[in-house]
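Before anything else, here's the structure in question.
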Amino acid sequence: MIQDHEFISFKEVPGPTKEEIRCLLLCKSEVSNEDIVVDIGCGTGGITTDFAKVAKKVISIDKNPNAIELTSKNIKKHGVFENVDLIENDAISALKSIENFDIVIIGGSGGDLDEILELVFSKLNKNGRIIVTGILIETKYVAIKKLKSLGLEPKVVEVTISRGNSIGLGTMMLAENPIAIISSKIK
Amino acid sequence: MIQDHEFISFKEVPGPTKEEIRCLLLCKSEVSNEDIVVDIGCGTGGITTDFAKVAKKVISIDKNPNAIELTSKNIKKHGVFENVDLIENDAISALKSIENFDIVIIGGSGGDLDEILELVFSKLNKNGRIIVTGILIETKYVAIKKLKSLGLEPKVVEVTISRGNSIGLGTMMLAENPIAIISSKIK
Amino acid sequence: MIQDHEFISFKEVPGPTKEEIRCLLLCKSEVSNEDIVVDIGCGTGGITTDFAKVAKKVISIDKNPNAIELTSKNIKKHGVFENVDLIENDAISALKSIENFDIVIIGGSGGDLDEILELVFSKLNKNGRIIVTGILIETKYVAIKKLKSLGLEPKVVEVTISRGNSIGLGTMMLAENPIAIISSKIK
Amino acid sequence: MIQDHEFISFKEVPGPTKEEIRCLLLCKSEVSNEDIVVDIGCGTGGITTDFAKVAKKVISIDKNPNAIELTSKNIKKHGVFENVDLIENDAISALKSIENFDIVIIGGSGGDLDEILELVFSKLNKNGRIIVTGILIETKYVAIKKLKSLGLEPKVVEVTISRGNSIGLGTMMLAENPIAIISSKIK
């Protein structure tokens, strides 16, 4: 895995999604080289970069132009720009312009999660996978409720990571903020 | 409980021990108004302040003069200075000057945990309680091993707290670093 | 604190609330001997027992007759039955029969959390405190949303405890399920 | 990823290592199809199975004949038996019989972690990776100390996973026990 510090970052753009979470997203999504992946709220581009190494194509969306610029820098830095499309737009508008896809990772929804999930559900290919990452209690609630109302059975894991920091006297554990991964597969 | 921001703090002095941990230390120690308490590595004075509200007497030790000054300020701010003795010295030297006591809270040991625990064990009253808080893997290991070698049965809990932070879109959970509470009672 | 195994328990009744969580509830509620406390969904009676040791009076409500019987046994076992009233009823009906109170701990709501919080809010004394414990994502969401809509500023902490279990080779950490404590104070 | 319930399990054999941890081990080890992997304490065979899907060869060691039988069943069930060698022996003896390798995953050490790490260190190829998983405080301490004494810089992460369980009223989070992943790369 690319380590967190190997991504270029801007102060005003969130991310990158921590190494361990990116790793779990790769596993949970079961991404293969036949998959078209949509990354909603690509931020620093950590998820885009990792998925672009495996997937057929990644379409990355962010309404923040700084995020798009940063993702562009990071995919170039890590040599995976050829199969990435960047769209600077809000998620709803951007999704309307996309035909269909196999996997969607929703990291940022700007309050439109309900509508995004409906739209995503209508455009996913057979065996499509929807993954929502949530750091807000409200995101977890809305994602679970909406996915259930779409007839899916969301699987929820909450992940808390602490990292050892070697200080003079020993190894101090420093906590990362907890993050939920909510995943569904369309049958 | 006094909230964390209600303590005066200096950048170079660790603490205060988070509200929830101070609360658990009060419970685990079963402190009453008959107890003499020793707080080793008093830092900001959070634990000293809380225990001084309940205990007969608190003896607070820190080798860092800034910590002693800060603890002094905080016990005054919270009106509990009358039953607190402050000792600016390393733990070993300070403990040698103390007769006996009922409860010891060891938050900072500067690498001398083994020797501190031996000394503490020899000075504790009947029904005495030893509580070690550890943020280092090494502290946990040494405390458990030494307490067992003294014939005690240490109880270990590791506590991870996340706090909700109300941001525009919802409630974001921010993690505090994990901390272990290792407690033993002399029978 | 009373340890978890010191409570009588029935398999079909949840609880007791773990020692560390009961400890935090005592601290967060700032309970004193002048307070009337309502415990909604008293289950095994762990919270009732701890609060009855400090409060003026505890009114404990559960619609499950087994829970009421079990709480009755536990308050007797721990000698705090004199200032406890037990009500076998659903929370809404029971609350309607109570005049006013200072603290409410809501551990079980059976899906009526919105209505319970409204009713509780109308009956709390000045400086009253509302505390909701949640193990469901949905409970956390509903509690935060409703408390905000009542003009309160809920504080949220999520607590994860692991306990050391001494096995042959060392100390294995066993996790308890995470629990959220959502607390509000009426000004 | 193979889900935990897709492994055959015996009550008396620990494992399988949880899905999310197996996923993180694949990422942290940077396993490729050129790597020879040694799995010490293979237990149920979860790690062996996942690594055998990617690696050139996996050598799996356990002194418990039930574990070897179970791992054998699981690699067959998941179709990856061709590149797996099973050794029923203690780790020290088994390692002595192996030439060299690229990655070692140490999940069970039976108290011999120090000696195992020394032996492993002497047999690893250039760019070799050592990964220790620890559920005991003692394992974490010994692994970190020994790896440092071998001149390595161990990276430590502690992972706590909770899983959502859909019950009538909502989504209850159930905690898995915390586990540390301690990884080192030989330069």
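To keep things simple, chains are lettered A, B, C and D as they appear, and every chain counts its residues starting from 1.
Please note the rule applied: contacts are C-beta pairs under 8 Å (C-beta built on N, C-alpha and C of every residue); 3 or more make two chains touch, one makes a residue touch a chain.
Treat the numbers as computed from the prediction; the structure is a model and nothing was measured.
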| item | value |
| --- | --- |
| Farthest-lying chain, centroid of Cα atoms versus that of chain D | C |
| Euclidean distance of C-alpha centroids - chain A vs chain C, Å | 37 |
| Chain B and chain C, separation of their C-alpha mean positions in angstrom | 28 |
| Whole-Å gap separating chain A and chain B, where each centre is the average of the chain's CA atoms | 41 |
| Sites on chain C at which at least two other chains make contact | 137-138, 144, 156, 158, 160, 162, 164, 171, 173, 178 |
| Category of the chain touch graph - line, ring, star, complete, other | complete |
| Touching residues (chain side chain D, partner chain B) in the complex | 137-138, 140-141, 144, 156, 158, 160, 178 |
| Contact footprint of chain A on chain B as seen in their complex | 110-111, 135-139, 160, 162, 164, 167, 169-178 |
| Of chain B, residues touching chain C in the complex | 1, 19-20, 23-24, 26-28, 30, 144, 153-164, 166, 171, 173, 182 |
